[in-house]
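Once you scroll down, you'll see the structures, which are given as structure tokens.
Look for chain A in each of the two complexes below; its partner is chain B in the first and chain C in the second.
And now, the complex of A and B:
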């Protein structure tokens, strides 16, 4: 167990006092983090006229949810977001895992060039990719298609998460793979049969992160999709209309969009924490 | 039946680091050779080149009658025990043991028989269903040994397998490995930085430094006749004492003297030291060859006790002799001696070693 040093200012307090302070601090932080979410939920439950007086209204309704759930475009957006997130996660992991492994285990010009490429991409601000991607998508004829949104996401994941994966593999002792090489495996076999199973917690963690990243992503989706491929983050923003702001609908959609992400994080956090630790 | 021959073996990392330099070594069939040296001396690199885990920069490795330079590890018919056990963490002990055999497409019934034999030998029966992380260090290393045994390979390679274990367990495993080698005589190369392990396990000890083999020989010959100052200082514990002395002749006898020491030299050494008369050389004295008290002036010298280390079975004395520190071992434990005492330390003339101060090689006739 790591040694916890009590800060000097607390050292003179009795144990009970220290616990109390600690509890207060934790509660404070939790409230601060949860407050926007609570506000969002409250907003979603208010009737249209009540959204500006969330803090003193007493009237609650599920009408916003009903309206959202009857909107075909919104349902389509949910399906699309889930599909794109899942596909992007699967395809990017296929590359990320092997590329992270290569960066961790191999030296040489190929690995170095790959490392340099990823590094450069990471240095470029995320937002500056959007416009070039739009032109590329237009000229390839993949604007407003699944593939047009999937490809950039996969690319981003590979650049961002190969590093993380490298870190995971750095933490796995390579002598296990050496033993496998001696025990009759090829280099590829040692990777698949020995390194990969040991990295499963890390890969699960990465899968959760990838999925959430795409599910929550707004900028690419806004620029690279039009009417044919609605995704949830973009549809949510479209409640800002010329006719006015439909805050209650936006909040209801947001709460519904939170649910899958929340569930995933809830069940996946065990893996995320264990994965980030190895 | 497999001898290992290393022929002018070299390993370069880039242009700057020359890790293994012209290593020539022949390891006989069924021989147990211990490669020993300080960290960075190239011993592990040499072993990994034999295993095929490192490329060879130049030279040749033969196992049995095959040149294996370009064979991948899986085709060399070797087994290796690693320092950190390197067990497959996601597999049970049984699957760990079976992994190599399944790769050979051996039928499950034969695999089971082989594993039964190995578990019998190593007492692993109760552990077969467990995962490696549920085992202690000693148990894990035993499983790693088992993984080698079941394969029945031509060669066993050990890469510091005992250094992660505590002292007591290390001594136990040392005996276990020795017993195993007696039961299953297989050509073995054992890398260690611990000279005690090397001396106790090896039929032959190969001392390495800076990528070169310094000396290869039986434990006794390396201990008794070190070829240079490095080997003399590295093998033996406590380490050999070194004193700078001048060679002179007094009447018929050759003496080695410094301001604080004057010792008569044996006849054999006298002949060897003929050419060094009037010159300074380095004299080596093993702590265990120094005895406390002896009236004969020509083979003893005065020393001031600085530290007394009582070990129960013996006393270690740290003493000051002139400007130098000299350790004496094997002093009987009941001897009444205290820090600050003036004592005389004596040594048999035949036990003295002499080294050239420039080349640091032993001076022989």
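And now, the complex of A and C:
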């Protein structure tokens, strides 16, 4: 749609004026969208005494970051979040790529049933299965353990990602796989050596999304862990109630939690944009 | 895939099953089993002080669906939230997608900035908003006072608190709409737009008669996905207001959580979780029909 015409109300302005207006509007929008994050960064750089008047005063300090970095529980939470996000990404992709491939390449009752199941479970609110998962995890002895937090994080993306992977594989012409089968390749060979390499852009997009979703997830850890497996979102939410008055520390922690997500998104953006063009 | 040679009987079925087996196993263990156990718990007096877990039949369900807090606060809140946040994010997301869908200098940077909220954890977004709308030290009140207006106790009144929850959600999810709608816009055929440009059609008519109808399938899919997700929103409410003031901003997920883990009535909490699950299932199936109809025409 390269041919969008300039709205009529600007048509009478000279080209330069139109550009200026457009530039101003764009800058304004960007500032409005980014403002909460900028404000958070600014708050995190203020000293303890100046935090209540962020908009006034000019002293800045990194002391809040230093204090956060000395807090063992927070460091533990960062490590846990990173570990669980990475493992969950690897395993979710392993599981959903094949499931999406099946949905895309086969018709018939089995594929239809699986698709229906996925759609229904995609709608189920997290609380409806995570709340009772609390008793299940306790009776299986995985409450408040890494594995007990990791597995639900893998399970949660099965529906959505299988569905997205189906879309990606639908866009890949299966004739190469047919050719491979005729040449004596097994079905697994055709899937792994022929279909999978052409799905790499989509897989990269899902990897970025999965890591971000897991890093940002809150409810699972809130319900399924106690004190032994702190993750960053839960620790921060506890901050709000326990350290409600120390906004500089909270802001510093939040900024540190944003950094890995930003870096990943910055490098992964092009994969996501390319991969989501279903 | 049509097999090249007629396969041994069952070979194809085995391949299909193996492909979905790990996913199905995880789904079974971590979603189906808990739901079944939760359903069992919802018929019992499953509280910490009662080790016998006596069967109470439909009592918990009756208690939930006759609870005035559920009927008059939680359900309306959940649906108002769903509609408001989806409409807000869709409108803004579509606007931004149209803006980004033309080349201009610095477009890449603008696109990156507009994607920022997508990377922010809902908990962090809620913390930021809570800080900005803090009644004593928040920037919003500071600006209002600078303009000679009075600062508001934003999070202490029901509708302003609710509005901030919606605002936070719209901020978080607008980029998601922008991303998917932009992808949709870029895959539209160019010819109709070129023809319209030659005819000198006004921008508004191009938008309402060409862009919008052609984009409709993508919009519907985005709206359905987002509406179903909005129904289960938990993090931002928990962090922003905790359901308060009083219980006036509770959404469905928070209601079930509070029953189970703060009131320690796991039986009634499970019943609430199932009631909510059934409601969204009905809504979800209705929406699926809609998607099916729109994408087929």
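General observations
Keep in mind that, in the parts below, the second predicted complex is superposed on the first by the 248 of 278 C-alpha atoms of A that agree within 3 Å, B and C clash if a C-alpha of one lies under 4 Å from a C-alpha of the other, contacts with A are read in each partner's own complex, and residues count from 1 in each chain.
Simple rule for what comes next: contacts are C-beta pairs under 8 Å (C-beta built on N, C-alpha and C of every residue); 3 or more make two chains touch, one makes a residue touch a chain.
In this text the structure is predicted, and so the values were computed from the model without any measurement.
Shared-chain residue A:158: touches chain C; no touch with chain B. Judged by the touch definition given at the top, the superposed model places A:192 against neither chain B nor chain C.
With both structures placed on the common chain, the touch criterion links A:41 to neither chain B nor chain C.
Looking at the superposed arrangement, the partner reaching more residues of chain A, out of chain B and chain C, is C. Of the two partner chains placed by the overlay, only chain C lies in contact with A:53; chain B stays clear of it.
Shared-chain residue A:63: touches no atom of chain B or chain C. Residue contacts after overlaying the shared chain place A:75 against neither chain B nor chain C.
Contact with chain B, but none with chain C, is seen for A:176 once the two complexes are overlaid on the shared chain.
Contacts of A:83 after superposition: neither chain B nor chain C is touched.
In the superposition on chain A, the residues of chain A contacted by chain B and by chain C overlap at 178, 181-182. If you check the complex, the residues on chain C that touch chain A are 1-4, 11-13, 15-20, 22-24, 26-27, 29-31, 33-35, 37-38, 41, 96, 98-99, 101-104, 106, 110, 112-125, 127-132, 136-137, 139, 142, 171, 174, 179-180, 182-183, 185-188, 190, 193-194, 196-197, 201-204, 206, 211, 228, 231-232, 234-235, 238-239, 252-253, 256-257, 260-261, 266, 269-270, 273-274, 276-277, 280-281, 283-285, 288. Residue ranges on chain A touching chain C, taken from their complex, read 1-8, 22, 26, 29-30, 33-34, 36-37, 39-40, 43, 51-55, 94-96, 98-99, 101-102, 105-106, 110-111, 114, 117, 119-136, 151-152, 154-156, 158-159, 162, 174, 177-178, 181-182, 187-188, 191, 212, 215-216, 218-219, 222-223, 233, 236-237, 239-240, 247, 250-251, 254, 257-258, 261-262, 264-266, 269, 272-273, 276-278. Of all residues in chain B, those touching chain A in their complex are 51-53, 72-74, 76, 78-80, 82-84, 86-90, 99-100, 103-104, 147, 151.
Against chain B, in their complex, chain A makes its touches with residues 173, 175-176, 178-186, 194, 197-198, 200.
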